[in-house]
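For reference, the structures are reproduced in the following blocks.
Below, chain A partners chain B and then partners chain C, in two separate complexes.
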Partner chain A sequence: MTRFLLRNAVWIVLLFTTIAFVAVEPRLLSVRIFINVLEHSSILGILVIGMIFCLLAGRFDLSSESTLGFTALVGAWMVSTNPFFGSGWQLPPALVIVLMLGMGAGVGCLNSFFIIKLRVNAFIVTLAMLLALRGFTYVFTNANTMYDLPPSFAALGGYSIGGLLPISVILFLSLFVVSQFVLSYTTFGRDLYAIGGNREAAFAAGIRVDRRTLTAFVLSGMLGALAAWVLAGRLQAVTINLGQGMVFEVFAAAVIGGVSLAGGKGTMMGPLGGVLLLGVITTGLSVMPISSFWVDAVRGVLILAAVVLWRVTEIFEERWRTGTP
Partner chain B sequence: MADRHTMTPAADADGALLRVRGLSKRFDHVVALDGVSFEAHGNEVLGLVGDNGAGKSTLIKLVSGVHRPNAGEIVFADREVAFATPRDSRERGIEVIYQDMALVDELEVWENVFLGRLLRTRVKTIDRRRMIAEAAELLESLGLGSLSPTAQVGYLSGGQKKAVAISRALYWDARLIFMDEPTAALAVVEIGKVLELIGRLRETGVAVVFVSHNLQEIFSTADRIMVLHRGQLAGIRQTGETDQDEIIKLMMGVR
Partner chain C sequence: MQAGKILKHAAIAAVLALGIAVGGQSANADGYKVIYIAPQLNNAADIVIARNWQDVSESLGMDAVIKNAEISAKREADEWATAIALGYDAIVGGPVDSLAATISVKKANEAGIPVFMLGRTSAGGKVELIARADNISLGTIAAEELVRRIEEQRGEIAGKVLELHGPMDQVNARQRSEAIQAVLAKHPKIELIRKLQHWTPEEFFDITKSVASANELVGITMGSDVIPGVDAALDSLGQLKKIGEPGHIVVTGIDADPRILDLIGNDLWDASALQDMVGYGTILAHYIKHYLDGSFKITAAGPIDNPGAPYHGIEARWSEATEGWQIETPSRPVDKSNYTDPTLWGNAIKKYQ
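Right, the complex of A and B next:
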């Protein structure tokens, strides 16, 4: 029982945080706001899934927010019906979506080429990719915003079933369920744990370490492109700074959810709690009667508190398992 | 999935399962192995000894595909092989029990036993239940029934970890097993179990290459003893026709 509570600490923190916000501001307790939090969490959630694949394999992908920004912009440029800002090509949305996912996969391939073949540190490679892609995004558009996306392109991010339940929410929640299944029940998922836990051992046991790592980065890139599609649809326009600064929250959600930065440890469901916790904190603070200057500071402190709490529970669990008092 | 129970150790005319000729490996300017030739046979335990840095581990890593040799040929079961990765060598029936054990601490016992070769169901998901059951059976047959297949490896004792590493090599009915210091850091009772196991493996027709610092263990277990000195083959002796003094001299490079 104690162990169950410790393992799911993030959900307990989420519950109490929600109760605390609602106690201060009862109007927060509504289905509409609840769905709003879910909808705003969907982008972060999709990026976090990609990050977890890489983290479990003992790597990082800092670049996914820029992949999001870049693919969103190039996609919007190709699909836009606006002759002033777009390419004027007005490519079919389905084709553009495939191209966007392809670009995301391409970024993943490029990242893993440098990391696996040239053995450059993943942190440096993906940090450089983060900056380079953001730079290309600026160069490509002269800092213009892309408008006039066809309705079928924008549907994934913009449409709600019955005007209430956004497709993006269903998509992001089912992606978490699917990827948890992948981690628990496929050789790919299990191999990631082995690689992140002990890369030499995984290799010696015959696991295709390079191929698995490549797949993790490609998935991360493609999920970045998928998030781009969702976000472009929701906003009905693409600005140059889309996704900027999200890498911090991606890491925070993963770590709050119990994913080890050292690799080999974590689940998808924990970080889902982390994503929702960040969503609740952001939404809650935005309606609190405090200066917006405080929002980032409070958010940072709360994240730190959550991470410390998680670490404490982990220490307790270790003691519990080894039987030391 | 490899077909366990169907592989039987094959051997060529004079019984050599593994033939190594002129195997060499350099790391930068350090010559780790220099023109080593030897043979290993089924139904035989080949003791491999040498001082630290003599090239024992390098030899194992070359034959199992962890490293690629700079020169030399490896013939396994009558076919010249050039394993690119350990995956290739495992598929041909070569297992290695590494000195540092090559286990993943974060994972449970059963998953370490099946590491790199997880059993799958018909729908291609991993067959957790079957692997746990098979791991339990395997541990039981090794006299380790007290070790739970769902225990996390990071919390096991050195002896238990070694048992897990050995179980992994045994499950797949390997034809050639390298054991790099399998008795190091073990309690006396556990050492006895490992040596007994090596003897049993020999009876089943497997070729065992047994690395140890302990000459007493080597003399009590090995049929032949191969000595490396600074990357070169110092000599191979029949256990019955040599003694510890000669082996030690070979290990030290004294002619």
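Right, the complex of A and C next:
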């Protein structure tokens, strides 16, 4: 029982955090707010899925937030109908979406090339990519905000079923379910765990380590582009700093959800709890009549508490596994 | 061997690119060399501040260069150090961090380089002129427009108002917010919900949506409308109604971003308080030229000399601030009656596209 509780600690923390917020601010107990939490979590959630693929393979992808910013701005630039701030091309939204996903995949390929072929540290490569993409975003768009996006382009982020349930929420939850299935029931998923656990042993066992790593980075890039499409539609505008700083929340959600930064350990469902926990904290603090000055502090402390709890459960699990008292 | 060749070609290409980049910055080699170290260049407002100042400076025969500190106090200090070493005739700053910038300003003072400030200023060191918007005026107009329109629409000044304010360690954000609060405090039936954001569209969207979901808002105002998100959040809740329609939530902002001008034109945004960055940048460029020529220097408070620039007909005055002489351009409301005015920076920016 204790083991079960500790293994699902993030969901228990989520439950108690939600109860605590509702007890203090009863207005949080509404369908609309619940949907807001899910919607708020959707962009972060999509990025987290990509990060988990890389983390499980024992790699980092710091560039996902810049992939989001870059593809969103370039996509909006190509599709915008605004005569001054767009490219003037007004490309068909379907084509632009394909191009955005292609750009995301391209970023993943480039990252992989440097990491796999040139053996450069993934942390450094993706950090450099993060900076480079931010720079290219400036060059491309002269730092302007892109708006006047066609409704069909903005639909994924902006449309809600029955005016209440955003499509982005369904997409993000479905992606988590599909990704968990991929990790649990496909060769690709099992290979990622093996590679993250011990790369040399995985190679010796005949696993195509480089190809799996490439796929993980390509998926991360494409999910970054997908998040960009959703976010651009939601905001109906794209700014140069879109997504900036999100990588910290991506890591926080993954770690809170029990994904090991050393690789080879974690699931999709734990980080989903982490994503929702961050969503509850952010939305709860927005609604509560709390002084503005406290918001960042409270948010930071709650995240820290969740990470500490995760570390405690990891220590206990280690003891159970080794039989140490 | 192959790798050596590639490296050699790469090195030659890098040297050529550097040469082109450096060469491309020298527009007026015979004039004064002046530099603006911008705090950031990541939005339309900062772009206009920088580009307008550069355009006017170059039209006056000066060689004007722009550098970007990218919201990093360290990067800013590095740029200042380089500018001092290169011996510019004048340095224009707009500090990321007013305290951290003080050291750089003092170093420029020691090197005998006159320092000017655009938009915001340092906490210390000798600054010849600070050119900026009157933040109190911006906040006051945004709040007064909000209150007036709430009364027009509802018959009384009452209800819940959301204020999205910026970090209070930023002087501009703090002064604007204090001015908004001062106006709204005069209306006891207004319940003000203040929320901190860090100038990101995600926060603008999420906070607006959460607060509007849990409260029946009559109005929204904010420290800057350059950041999108508010209208999209209201739209996603079905609460983005045209002015005059039942349930319209009055929205006012500060800055008058080009996107907001379009929303005003479509009756989806009520008003914005104009930050006249074209005006104060123009005045500063002229003043720097006069200063370096030795033809004019402020010696007393009073109406500005309006050094040859179109200035929307607004009166502005030299005045003395704690940090030095300053020119603060007053704000004015932008709404359906004047949103197409070509002198608004939100319209003027289109020439840079």
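Rule of thumb we're sticking to: the second predicted complex is superposed on the first by the 322 of 325 C-alpha atoms of A that agree within 3 Å, B and C clash if a C-alpha of one lies under 4 Å from a C-alpha of the other, contacts with A are read in each partner's own complex, and residues count from 1 in each chain.
Basically, a contact is a pair of C-beta atoms (placed from the backbone, for glycine too) under 8 Å apart; a residue touches a chain by one contact, two chains touch by 3 or more.
All of these numbers come straight from a predicted model, not from anything done at the bench.
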Item to complete: Mind working out whether A:194 is in touch with chain B, chain C, both or neither, as first, second, both or neither?
Response: first
Item to complete: Considering only the touch criterion stated at the top, classify A:185 as touching first (chain B), second (chain C), both, or neither.
Response: first
Practice prompt. Identify the partner contact of A:49: answer first if only chain B is touched, second if only chain C is, both if each is, neither if none is.
Written response: neither
Worksheet item: Is A:244 in contact with chain B, with chain C, with both, or with neither (first, second, both, neither)?
Response: second
Discussion item. With both complexes superposed on chain A, which partner does A:202 reach: first (chain B), second (chain C), both or neither?
Written reply: first
Fill in: Superposition-derived comparison: chain B or chain C, residues of chain A touched
C
Practice prompt. Considering only touches as defined above, state whether A:256 meets chain B (first), chain C (second), both or neither.
Written response: neither
Item to complete: In the overlay, answer first, second, both or neither for which of chain B and chain C A:264 touches.
Response: first
Worksheet, complete the sentence: The residues of chain B that touch chain A in their complex are 64, 66, 85-87, 90-91, 96, 98, 101-107, 111, 115-118, 120, 124-126, 128, 152, 155, 168
Worksheet, complete the sentence: Note: in the complex, chain C contacts chain A through residues 41-44, 46-47, 165, 168, 193-196, 199-202, 205-207, 209-211, 213-215, 226-229, 231-232, 235-236, 238, 257-259, 262, 349-350, 352-353
Discussion item. Help me check something: in the complex, which residues belonging to chain A touch chain B?
Written reply: 185-187, 190, 193-194, 196-198, 200-208, 264-265, 321-322
Worksheet entry | Complex contact set, residues of chain A against chain C | 27-28, 30, 32-33, 36, 39-40, 43, 84-85, 138, 142-145, 147-148, 158, 160, 163, 166, 231, 234-237, 239-245, 282-283, 286-287, 289, 292-293, 295-296
